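Below is the structure I would like to discuss, written out as C-alpha cells.
By letter and in written order, the chains are A, B and C; residue numbering begins at 1 in each of them.
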Amino acid sequence: MAHARLRFVTLSFALLSAVPQARAQNFVVVDGDGDTVRLGSPAKRVISLVPSVTDLIVAMRLQPRLVGRTRYDKSPAIASVASVGGTIDPDLERVFSLHPDLVLAWEGTKGTAQRQAIGAHGIPLYAVALRDSAALFKTVKDLGTMLGSDSAAMQMATSLRAQLDSVKRSVAGLPRPTVLFAIWGDPPMTVGPRTFIAELIRIAGGRNVFDDASLDWPRVTVEEIIHRSPDVVILSVGEDSARGAEALRRAPGWRTLPAVRNGHVVGVPADLTNRPGPLFGVAARAFRDAIHPEARPR
Amino acid sequence: MTMTAAWTCDRITVRYPGSRAPAVDDVSLAIVEGTCTIILGPNGSGKSTLLRALLGRVPLASGTITCLGAPLASWPRAALARAVGVVPQGEHETFPITTRALVAMGRYPHLGPWRREGAEDMAAIDNAMARCDVTQFAERMVDTLSGGEGQRTRIARALAQEPRALVLDEPTASLDLKHEMEVLALLRSLAASGTTIVLVTHNLSVAAQYADRVVLLDHGSLIAEGPPAAVLSPSRVREVFGWPVELIHGETGAPYIVPVR
Amino acid sequence: MKPRGAPLLLLLTLVMLAAFALSIRVGSVTLDLRAVLTALTGHGDAATAAIVRDLRLPRATAAALVGAALAVSGVTFQALLRNALAEPYVLGVSGGAALGAVAAIVLGGLTASPTSISAAAFAGAAASIALVLRVAAGVGPTLDTRVLLLAGVVVGAFANAGIFLILSIADVAAFRSATGWMMGSLSGSTWAGAGTLAAYLVPTFVVLLALARPLNALAIGEDTAAYLGVSVERTKWLAFGAASLLAAAAVAAAGIIGFVGLIVPHAARLAWGSDHRFLLPASALLGATFVLVTDTAARTVVAPTELPLGAVTAIVGVPLFVALLRRRRS
C-alpha cells in the first residue's frame, strides 16, 4: 500500500511539474514584420492568407489545423477547408466566423484595414516574409513553433536543406554560365539580385545576367538582353503555353540570341517560381538541370 | 424681265419632333428670281424655320418646295451650294481662322476634294471681300473682329460662292448704321443685277424700305404676302406684333414704320 | 515668317526622319551611322545586326505609325466634335480595347500570344465604337454629336468596370501583365504588326484628306457645312469611322498611349492654323516624331529598365502643352 501511494505521488509530481514546463515552452516567435507573436498554446484553428504558407502547412501534414485558406489555394488536400477570399482583401466576416486562434498574413499587407481589424479583434497574426531561402527556413521553424509541431518543421527543414545541398554539391567547381530568368511580356520582366529566384540561380551554379539591377522585378528591353547575351534562358511558363520556348524562336530579337538558337532555353513552371515554398528544392533542381544539364544525376 | 420662280412653296408644314404645334403651318408662297423678299414676324413665328425649309435643312411634314426649277429634295448638296449662298445667324468658329480663309470657304462648292484654288477662285474671293469692305482684315483672325465686321465677312463668304440667290438670317443685327446701310445697298444692287435675295429681319422699316415683297408670318402661318405697302398696314402690324405703329412716308415713297410711344 | 504649305510639310518630314534615325542609333548600345548602315546591309557583328534589323527598325516604324494614327485621329475628332479637348479615346475606344486585351491576358492565361492579345484589343475597340455609334444613331434622324460624347463616356465607364472585375480575379502574373499592357509599350513590335498598322493608316489617311474641306466646314457648324455644299451626315459617318479605326489600330498595336492625340493636333493648330489640308499631314508627321522621341526616351532614360510609353508621353506632353498655351497667350 505504501508502494502504490508512493507511485501515485511520484506520478502526480511528475505530471504537475510537466504542466509548468508546457506553459514555459512559450509559443513566441518574431514574425516577418519584426513583431512578436505570442500564443498561449499551439494554434489549432489557423487561417492562412498566404498560398505558399498553405502549401507549407500541407507539406508538413499539418492541414488538420487549417480552418481557412485563400481562394487561390486549389490543392485537393484542402478542398474541404473554407475559403475566406483573397490574400490582400479577405472577407473579414468569414475570418471572424471561423474563430481562428492564428492568422497568417503576408508581410506586404501591413497597413491594410483588414489586418488592423484582425489585430483589433485580438486574434494573433503572424506576418509571413518569404523573400529568400533564409526567410523560408525561418517561416518553417516558426510554423513548427506556433503549431506545436517542431518535429514536422524539423523534418521539412532537413528535407529542404538536403535537396539544396545536393544541388550545390552537384555543381561545385563548375564554371558559372550567365542565366536570364524571364517572364514573357512586352517588355519582358526579369529578376534582380535580392530575389529568391536570383538565389536559386546561384544555388544551381549560374550567374544572373541582370545581377546589377536595382529593382527586384525590373522590366528590361529585349535589346539589353541581346546586348548581355545570356548563356542560358530560363523561361517562366504556364501549363499550356503559346508563350513557351518555341515562341521565343519566332519572336523578334529573341530569335537572334545564341541561347535561343542553340536550344539553351528551358521552361520552368510558373508555380515553382512564383514564391518560395515546399517545392523550393524541386525548383533548385529544375534550375540546375537547366543550367548544368551535364551535372544531372543519372 | 422674266418672272421665273427662285422658290415655290406649296402648302408646306414643318413640325419639330416633340412639339404639338407646327413651326410652319400650311404655307404657300413664291419667290421670284431677281427680287428682294423679306420675311417678317414676331419671335416664334417660324421665320428661321421657313428659311431652313427653303434650304432643305428641315424635313417637311407635308407639302413640296421647288427651287430654281427642280424639286428641292432632288438638289445634291454641293449643287445647291453653288446656286444658293447662305449667311446664317449665330455662327461661331471653334478654332481660330483668318478672315480670308473664312471667305475662301465660299469656294468649296466649286472645288472638289483635291482641286486647289485657281485664279478665278482667288478673284471671286478678293471681289467678295472688296464688296463687303473687309479686305483690310484679310489676315486677322475672325474672332478678333467686331460683330459687324464678322457679319460682313460671312456675307463676303456667301458672295464668294457666286450664287444665284442669297439667303440671310438677320444680316444687319449687329451692324452699326453706316455698315447696315451699306449692306442693304449692296443687297439691293445684287438684286438689281439678278441675284435673288431672301432675308429675315426684325426691323420693320428696313423691310418696308428695301423689300420688293414682304412675307408676314405669325405662329407659323402666312398672314400676308405682297409689296410692303400692302402688307404692312398699321392695323395688321398692330395685330401681329402687338404694338401700335405709325407709317411715315419718306422721299422714296416707301413708308417708315415707327412704333408709337 | 512661319513656313506654310508644302515647305512646311517638307520640313516636318525631315524632322521626323531625324527622329527616326535617332531611334535607330540610340538604345542599350549607341550606334554610329556606319554601324547602322553595316547592320542594314547584312554585314557586321551579328548582335548589332539583330538589334538594328529585328528590334529597332520595326519598333521605330511602329512608333511612327502609331504616333501618326493617334494624331490624325485626334485632329479629326476635334473637328467633328467642335471641341479642342477631344481626343482619340473619347468614344470609348481605349476602354473597349483595354477590356479586350485584359480579358485575353487574364482569361486566356499564358496561352495568349501577343498577336491574339492585339486582335482582342482591336475587337474590343471595334465593339465599343459600334455600340457608341448605334446608341447615338438611334436617338434621331441625324448623328447627334452630344449623344455620341455621352455614349462614349458611358461605354468607357462600363468597360472600366469590366476591366476591374476581371483584374480582381487575376493572379499575380496575369495582373502584372494586364496592367503592363494598359500602360502602353512598343516593345513587342514586329514587321507584321507594323505592316498591319500601315495597311489601316494609309487608306484611312487618304479618306480623311479627301474630307479635309468638309472637316474645315464642319468645324464651324453643321448648318454652315451644309450651306457650303457638304454632305453632313455622310461626312460625319465616314470621318468618325476613320478616326475610330485609327485609334483602335493604334491601341491594339501599342496599348493605351495618351496625350499624343490631344497635344499634337493642338500644337499643330496653334502653330499653323486649322486648315485640315495641311493640319492632317502636319499632325501625322508631328505625331510620328513625338512618339519616336518618347519611345526612344522610354527605353534609354533608365536603361536597362524600360518605362511604360503611356507614362512618358504624359510626362513629356504636359509641360510641353503648358508651354504652348503660354506662348499663345503672349
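Rule of thumb we're sticking to: a contact is a pair of C-beta atoms (placed from the backbone, for glycine too) under 8 Å apart; a residue touches a chain by one contact, two chains touch by 3 or more.
Worth saying up front: this structure is predicted, and the values here are computed from it rather than measured.
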Centroid comparison with chain A (C-alpha atoms), farthest chain: B
Per-chain Cα centre nearest the global Cα centre, belonging to chain: C
CA centroid of chain B to CA centroid of chain C, Å: 44
Inter-centroid spacing, chain B versus chain A (mean Cα positions, whole Å): 83
Footprint of chain B on chain C - complex, ascending: 78-79, 82-84, 140-141, 209-213, 216-217, 219-221, 223-224, 226-232, 269, 273-275
Residues of chain C defined as touching chain A within the complex: 27-29, 46-47, 49-51, 54-56, 58, 109-114, 116, 171-173, 176-177, 180-181, 185, 187-191, 299, 303-306
Chain C contact footprint on chain A (complex, rising order): 72, 183-189, 210, 213, 215, 218-224, 226-227, 229, 236-243, 247, 251-253, 255-256, 270, 274
Residues of chain B touching chain C in the complex: 17, 55, 57, 59, 77-82, 84-86, 88, 91-98, 101, 105-106, 108-109, 111, 113-114, 161
